[in-house]
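Chain nomenclature is as follows: A, B, C and D, assigned in order of appearance, with residue numbering initiated at 1 for each chain independently.
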């Protein structure tokens, strides 16, 4: 018996958005009478944290702390249109729409503040803590709480804004395929280290070192959530997952979590995540979509590591112990 | 058809309901009593999202008939925080960013609670074993393992 | 996780108040206390449960359907067949003008995959619906089925889907989406080495913790509220509106808190039939996939086949790449025509190659209809591309990481689909990976930059 | 029809109720409640008995009796059953082990039923109110077995004489690729004097590896000593093919894992 070790690398990029279909998302932002802000969307949070990220984007743009922003999403009676949560588009598309809506609301807010402070709106700035200050004369200030009260009860203004972000549809040119399939690209390079049991074909992923370039980590802890979970799913795709384990025979597909296989908590690779940020030109605060691409590079990295370990290529996913064992036997010239 | 009575304590409060015989505890808790913290992820016993604690033991409420729980003390995740203060495990899950979609979270917390009740200073292997019946598709498990280890440490610090 | 701020610092503002801050998630307290409300946490008095009778065959003609015993079963309130669905033949991408309509809400005359929905049973309890579903009698004439994309594309193969008329999606560019850049044959002719390899994958299930489903409640005013875990609210509402021939103003969708999606909840499968059930009975309706349905009935990631032929030089430059990609849509389009052409836009990967030829096919077979999943149109392509890169490097005795540096795209490089590269960062990712994984590469690669155009 | 549960204080009364068509005995619920939840309409009612003996574990004079309602968790933590703890812990995750019973495990189809593999190696007897059956006889006919299992009995193996291995793809709790239980006795010179080897997943129910048992007799537990046993380990197997592994794979790796267990 031999446990053989190998490592493999893979490098990838990933497109953000659904340009080939046309890709719009809208957002509305308004303030409450006491200067809290409501973001209204129809975008869906699958667990990736869309609600929190939209709140941070709105807060940054308006100039208030995030806990003064409430996100109301995914009620079609109130929320304006969003294409949906897929194609790594949520943060990018909805984020841009929220920025636009928040900017418009911020402008009204500054105008009301300017009237209260008897200065020009262009001379005002926010401190990020809930106050509006005169640039260069910060002792002259007003709270956003008071500005909102004034707008509602005194000046009859709606501190609100509309956001619309549309990537117009790109139609591929028929003969050449010229097209603009994406808005911006995220990047990754992953190195996987594995051990392969050459008598059973079992693979243990020892380490997974992932470098991701994602534009901008809007909330680093939430980015980490996506990337750690994605790295796990990449390993799962590489080694475990299929609904048709014996295709072209279509029987024996798993119907539960015992028989549809994925790595358990005892199968975890030691996972390292490193994030680079090259802001995208058109993303909200430079963000790109990290949610999908983070599960891609591990698959070929594991495949290449398996080859490095035992010298057989498994070019069909998933790379199961059975496929490795059959390949090892073929390599050894044994009948199988 | 005739209903049968069931009676147990849920998170310390007495509950009595009339249910159809053969109803699972999961459906009784969710549909009759209105505690939706246990989730129905599979109804097969393969995902752990419906985990509850019955008389101190971790059980799957989807495979447990409510009638077999008469007189039992049942704990669910909705009953863990007291007076608006989160249980240390809940706090640790928050701090470790150990929830994404959140659907597996109540079951994970139940499994972790039983572990810490029985093994206050668990090893990583103990935690892995304790969570092994609970499926998470989002996190890759590591943040959850870390959350449980952190909660154990904070418990032992408080006790010291 | 480490943020490596030394890269691209000149392009970034790091002094923001809220952006870049690890704020706690506002939804997590609900998650850890079990208070977060998912669609299935809504329970309405008098709610009916919908169970689907499904095809046991991969491909069959339906001779007859007899629902009489099921209708008489105690607790059954309504049994639905194709004739009850106002606009039964649909396709979801019709909203962005990608037709034809090719799928039935409930099978009408034919089933094209094992598991296809044929009859919907609505009953007072899940158990009654299950028992009644078992009493529905469907008489099938089994037809030859095709499960392999190459077989399906051969002349004389069983026709999977009559709405297409052939076993592939017909793009405006023909049988496949094409990308043509440079002269790939000339590139091969001038290459030191040529390697052609085939890569394949199996369908992959999203397997979210929460299964697909919805709960529909009549509002009492001709409107219906649909609590759903769809990934796309208006996309689902608008498709439901078409299928039900019901103005969108009559529909109210509430969702946005989903127990995992990964692309598996974009198909508009459960909502229309549940709304129809609520409309025809006047009762709330719950239609929630069982775990078995989630694992075997809901769309998986497509099986794919990717053939890559590369011409490359001893010095490591790839001079020609030809990619033929096949996406197995299964029996119906759903999102697959989009995914296949997204692949065409993705190849030849993040590398600058002067001569490229890409054909991507969306093929129909009698497998479970596939659809979007995390990395749609790209994940399997990246597997193929990056294993191929490893093979090329080893063939010329070059370090696989250095080989990628030689070919990596940089700002300004023209891509095969004729967009200049912007915002590249592949080189920097590889540089950092070299360091993090202790995988040494020559100094000249460590001093490269995505900012400067390649040779 | 709703799925009513009938509870009886005696096994005798429960046995009588089980005669009704469609009724199934409710042990831990991991098999029958799941079947009902999944829409198995052949299940029309549950029957259970609360007779205390069903939950009893007795160990005396090296003889063990485990009531059919005893859970895997109860076995795993029982001081006198320490050698079996590994096999009991091989079943499911913690919640399943608190529910799954010895009686239910006897009926669990492959790839489940790991504990029964251990019972087969231990040459257990299976008890009902009608008497005792050797476990091999029971397993061969378990589909037609309608009387409630009340207990299993066996002799505790000698110190170190019992070995158990479960191989799964998912750790730490995945279901079996295969499982192996062995009860070996060795002469003072280290040669094997008696051997029982039971296999899980190598057929649709636990089976004995009789050829390997015979080939082990008189041999030492060394690489060379066990080689003849490994060579015939797959004799008579007809492994299941399921999403975990194919029959081919199970047969290929059986000798590998048996060898590792015997040399451990």
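Rule of thumb we're sticking to: contacts are C-beta pairs under 8 Å (C-beta built on N, C-alpha and C of every residue); 3 or more make two chains touch, one makes a residue touch a chain.
Keep in mind that what you see is a predicted model, and the values were worked out from it rather than measured.
A count of contacting C-beta pairs for A-B and for B-D identifies B-D as the more extensively joined pair.
Each chain gets one centre point, the mean of its Cα atoms, and the points for subunit B and subunit D are 29 Å apart. Taking the mean of the C-alpha atoms as each chain's centre, subunit A and subunit C sit 17 Å apart. With centres set at the average Cα position, the gap from subunit A to subunit D is 46 Å.
Shared contact sites, meaning residues of subunit A that touch two or more other chains, fall at 46-47, 49, 221-222, 224, 228, 230, 233, 245, 253-254, 256-258, 260, 262, 264-266.
Residues of subunit C in contact with two or more other chains: 25, 27, 125, 207, 258-260, 262, 290-292.
Annotation for subunit B: residues 20, 42-44, 46-47, 97, 100-103, 128-129, 131-132, 135, 137-138 touch two or more other chains. If you draw each protein chain as a dot and join the dots that touch, every dot ends up joined to every other dot. Residues 2-5, 7, 26, 28-30, 33-34, 36-38, 45-46, 48, 73, 92-96, 98-99, 172-173 of subunit D touch subunit B in their complex. Residue ranges of subunit A in contact with subunit B, taken from their complex: 46-49, 221-222, 224-225, 228-233, 256-258, 262, 264-266, 268, 271. On the side of subunit D, the complex with subunit A involves touching residues 111, 169-175, 241-246, 248-249, 252-253, 256-257, 260. Interface residues of subunit C, counted against subunit D in their complex, comprise 51, 74, 125, 127, 130-131, 133-134, 290, 292. Those residues of subunit C whose C-beta lies close enough to touch subunit B in the complex are 24-25, 27-38, 40-41, 43, 125, 206-211, 258-260, 262, 288, 290-291.
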